[in-house]
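By written order: A, B, C, D, E and F. Residues from 1 in each chain.
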Amino acid sequence: MNRPSGRAADALRTVILEPNVARHAEGSCRIRMGNTEVLCTASIESRVPSFLRGTGQGWVTAEYGMLPRATHTRSDREAARGKQSGRTQEIQRLIGRSLRAVTDLKAMGEMSITVDCDVLTADGGTRCASITGGWVALHLAFRHAMRMNVLSTVPLRDQVAAVSCGIWQGAPVLDLDYDEDSKAQTDANFVLTGKGGMVEVQGTAEGEPFSEAELLALLRLARLGTDELFRRQRAAVGIG
Amino acid sequence: MNRPSGRAADALRTVILEPNVARHAEGSCRIRMGNTEVLCTASIESRVPSFLRGTGQGWVTAEYGMLPRATHTRSDREAARGKQSGRTQEIQRLIGRSLRAVTDLKAMGEMSITVDCDVLTADGGTRCASITGGWVALHLAFRHAMRMNVLSTVPLRDQVAAVSCGIWQGAPVLDLDYDEDSKAQTDANFVLTGKGGMVEVQGTAEGEPFSEAELLALLRLARLGTDELFRRQRAAVGIG
Amino acid sequence: MNRPSGRAADALRTVILEPNVARHAEGSCRIRMGNTEVLCTASIESRVPSFLRGTGQGWVTAEYGMLPRATHTRSDREAARGKQSGRTQEIQRLIGRSLRAVTDLKAMGEMSITVDCDVLTADGGTRCASITGGWVALHLAFRHAMRMNVLSTVPLRDQVAAVSCGIWQGAPVLDLDYDEDSKAQTDANFVLTGKGGMVEVQGTAEGEPFSEAELLALLRLARLGTDELFRRQRAAVGIG
Amino acid sequence: MNRPSGRAADALRTVILEPNVARHAEGSCRIRMGNTEVLCTASIESRVPSFLRGTGQGWVTAEYGMLPRATHTRSDREAARGKQSGRTQEIQRLIGRSLRAVTDLKAMGEMSITVDCDVLTADGGTRCASITGGWVALHLAFRHAMRMNVLSTVPLRDQVAAVSCGIWQGAPVLDLDYDEDSKAQTDANFVLTGKGGMVEVQGTAEGEPFSEAELLALLRLARLGTDELFRRQRAAVGIG
Amino acid sequence: MNRPSGRAADALRTVILEPNVARHAEGSCRIRMGNTEVLCTASIESRVPSFLRGTGQGWVTAEYGMLPRATHTRSDREAARGKQSGRTQEIQRLIGRSLRAVTDLKAMGEMSITVDCDVLTADGGTRCASITGGWVALHLAFRHAMRMNVLSTVPLRDQVAAVSCGIWQGAPVLDLDYDEDSKAQTDANFVLTGKGGMVEVQGTAEGEPFSEAELLALLRLARLGTDELFRRQRAAVGIG
Amino acid sequence: MNRPSGRAADALRTVILEPNVARHAEGSCRIRMGNTEVLCTASIESRVPSFLRGTGQGWVTAEYGMLPRATHTRSDREAARGKQSGRTQEIQRLIGRSLRAVTDLKAMGEMSITVDCDVLTADGGTRCASITGGWVALHLAFRHAMRMNVLSTVPLRDQVAAVSCGIWQGAPVLDLDYDEDSKAQTDANFVLTGKGGMVEVQGTAEGEPFSEAELLALLRLARLGTDELFRRQRAAVGIG
């Protein structure tokens, strides 16, 4: 099997996590997975959505965007079109759910954090990179709140990272780039935690349906990939 | 383990598929899964989206809606608010992908079918019911096209149906109703084909992350459930 | 004179009013007028619009929608287009005014009721059916409020029902279906009360202007029709 | 009976129709009915809506707007809010239907005329004034098309004008101003033709339902009022 | 040099300022600059934008619109299109800034004034006419507040007026009409104060870039023009 | 005079222009002016707006956006709000006009170039940086078209760059950062060409009106600043 990228079936793309890149944000991280580049910023606000007011509990939400020329051909600017696409909304809901899954919302107290994930260059895997980089931005924002004496500890129960896998020419491969993604028969995103659990699994057959064995093979690759991403996250935030 | 619904862990709710309920649509099906009730209609148009023009290939797409008082408390009418929610868009994209996965778009020729899934009463599992009922409406629309001598065969390669499963008080259970869904630790939707393949898997941890073993237990229940749904679909369209 | 429908000039279509069809709504009614089918639900909320806050007075409003394939050819989903058509807005304003005309808003106290009228199948006369069925849903919602000890009486001063009439091939006929409506020279909607008053009259010449004599002939038919509808409403809510 | 305006029950307000007031429009008329002032312009375009293309038939449509401070207290600018209210849409549909009712669309040939009715000052009766003044603007636009040798005759079969009437303190009165309108028990708009026919009747009970006798009394007043308006229209366009 | 308008290089068009033309507004002015005609109304509200609440300070803002047939060919109604164009927003921001520049917002106290500038006929220079006429409307609204004993003085520090100038066939000319504007190489708007200061300068090269000398020549003409406009403003409000 | 930034009155911030930073765009440039950072990409499309079709002439347009956390406190995402602010629209119109002023649209032939300017970090002067960096992206896109043999020469008649100046504590200073901008009495943006002409001048008094002498002093500083920016542009594209 020869992947278009030339990588081994179980090889991640080059991963670079740069913390604290955004001058104004409480927490931030630029993540590069090969040619995919996402800027993640975490912004703290003292008010919470109305359904949480008075509960003592916090909230984490995410927004996702893509610069018009992050892609091979220019795509319309969503602000100019006047609405976010279904794809954008689906992705930002996934990022928000994934980050909340490892956050102790009660321990946050009544504050909100919005994690903005803006894709500067797209080459496949932007939603996964957003989750992985978003966790770093979120962690750093909590650390900022500790320095401000708003929190006494980082209210994160675990790490969370994501990676896409796919069936390419019949074989399971890790971390699809755009070229591989557009040709894969099956495409799956795994959102996994540092302690080994799954918080989201999304598998889609692009052509033929996939089998249970294939799903499990993809999951095994995803664990390999996210283990490496967890190490990079810890390095980026300076823990462990 | 006692489910709120009193059902056995592997028991579907009462399923009723009523074909041809919509006077004007080329194909239609009202599906009830317990108290969830969805009206699915399939509408044929002779033009295709611009990216398919001249390719000789057809298209299947889906739209999803919920009547304002399908739910426990009234929700805003999306037409009045001026936009569809992220949830609505995510669901209708899923329904469309699932139906396309078993459709031979080339064999359709240049026609479009829109499958509208409108929830009359919601009690959990509306997206899964939409897929299961939507397949029946789509099949019947293709049969209509055969009677009109537009097609000579039904361009469907397989059946597709969907069911949700969840971890409830630590145990895997089949076909969550609203009450169970809101208390489940993990919630997964499986879109499976008649021949045993998977076209979509979406698992989400609401609380604790879930394990591989749990995912597989849920998948096993889903196969049981969809096997029953496939029998009902065949009866509804009068095949097999 | 032979109407396309074969009905006598003063004959209503088959009328069926099914109360309490919506599981979650405080009041509901499915109304069928021949092939036209509308689901009416009445939802109680404890807050009122800002212009009524603190006045001790309640409010009744209506929203109207049509499923995309309620019609002969599929129409765009208003939620997807991002706005309600002028026709939709005009109809829901009429339904709201008609229901408020027989409601004792002061006796309601500060609560709001939204009557949603969703057309499942359209074959002419959907706005009139919405008013007739909407009154039943509204009555049942008030009865629900009595069972909840929120109200001690049903704050409705009268019944209200509506029917369309038209001039067809020079002759006045009652309760136009779609086919007749599209060929009528004049089309009029009458919203009448149980005690014989008029709350709305809307007459429109589609071709030649109409005369006073014609208007009065249509009104006479409308009284015949609504008298029958009032009997059905009373039967549906179990009074009189 | 003493009307707030001091007018006799059957007296119109002071009516002024000024033709050709808009420098750029093919036809125009500023109409004043007492303190209500509406600027009507008719704009000719050579293309027709898609449903008429190739039919040889023309189209007349209307748009209605109100300057933000035409009213006692400033109302939001619809362009800034991003949508037209239900009231606006209802009114502009009425104006368009009324003007089309007296236009020979076939004789127009394939051209469109848009009649814009913009309320500069509002004191009740703006929709009626728009119809009355709109007819003058439309007539003048057709005359412009004759001067341009596009038409050889004015394709209008009749005049059309409108006036509101109401029941005020139990008595029928003609041409309600804002103050009277807000206190009337019943409010009706009559769109009548020069030859004595009705093209639209809209009666609404604001409080008590109204009777057939009251409707007829209002109609009689409306005929008096529109007869005067027809004389003014003819003078404004220089015919008869 | 022969201007299309036949005017001398330093000649304004005929200027007419009619104060108090809008029946309901607290202050109003209809301004005509040749064939350009703008209706300016100033509306007082007792609440201020949230960022000013509790500061004791007031606010002045502006909205701008153009009737669809103010122009040579009909332009779309912004309310119907569902959004204001970039040009509209740019102009209303300019008007608001210009009026605030001469208003003592602290002395106003916590009230808001919205100045609506609606173009009835457009022949070039509508934004400048809006500023000049808007100042009159604003002044008159403040005087209204004095009569109501809400203010004891007019909180305006100075007059403000605006005029456009341009380079036409190489020569600087004052107060461009539409025909001249569309052919000018350079077009500049000057917003000047009665005491001789500049509050806004906007110069744009339509063809060749312009020089410092040209900018200064245009400014000199603008001063001539606004001096005349200041006299007219004082006459319109009855001061000086 | 001590500027908050500590810079001399006539000192630009540190300027860095990085060409070819966007993997997919035909031309691109990241510009940093101190802490302001804007990513400019130029995208070529073969079709032109409808008003240019068949004229043989091309078009250059610009869009502007700001990442939500480019600013000190997070601002709403325009795509989520569903519309671009007036400020955004004003800025992107300015960028487009400025770039077109130096482009030979006829020599381009029928192609369009969209220059997207997305602000990654905002510290004042983002519109000016967008113009300066946008010119580099545009030049590089034209060079790309030459390599593709679509053009034989770069159809730019001149360079264009922009810088803001202001009156700070009574003294004119060059290239305001956010902190200085928010305290300046007058703020002006100059869009100048390599050959010394002006294509846009926009001066605004924030407090006191400004004088002609002040405007000229600001212009002199702007020339100093843009001369340096022109050198940097030439270096970035490798000419002169």
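Operating definition for what follows: a contact is a pair of C-beta atoms (placed from the backbone, for glycine too) under 8 Å apart; a residue touches a chain by one contact, two chains touch by 3 or more.
Protein names from UniProt, one per chain: A, B, C, D, E, F = Ribonuclease PH.
This is a predicted model, so every value here is computed, not measured.
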{"item": "Both-way neighbours, i.e. chains that touch subunit F (Ribonuclease PH) and touch subunit A (Ribonuclease PH)", "value": "none"}
{"item": "Chain of greatest Cα-centre distance to subunit F (Ribonuclease PH)", "value": "C"}
{"item": "Superposing rotation of subunit B (Ribonuclease PH) relative to subunit F (Ribonuclease PH), computed on C-alpha atoms, to nearest 5°", "value": "120"}
{"item": "Inter-chain centre distance, subunit B (Ribonuclease PH) versus subunit D (Ribonuclease PH) - centres from mean C-alpha coordinates, in Å", "value": "51"}
{"item": "Interchain centroid distance [CA atoms averaged], subunit C (Ribonuclease PH)/subunit D (Ribonuclease PH), Å", "value": "28"}
{"item": "Of all residues in subunit B (Ribonuclease PH), the ones touching two or more other chains", "value": "82-83"}
{"item": "Order of the ring members, counted from subunit C (Ribonuclease PH) so that subunit D (Ribonuclease PH) is second", "value": "C, D, E, F, A, B"}
{"item": "Interfacial residue positions of subunit C (Ribonuclease PH) with respect to subunit D (Ribonuclease PH) in the complex", "value": "83, 85-87, 89-90, 92-93, 97, 101, 158, 188, 192-193, 195-205, 208-212, 215-216, 219"}
{"item": "In the complex, subunit E (Ribonuclease PH) residues that touch subunit D (Ribonuclease PH)", "value": "22-25, 28, 35, 39, 41, 43, 45, 63, 65, 67-74, 77-80, 82-84, 88, 114, 116, 118, 120-121, 123"}
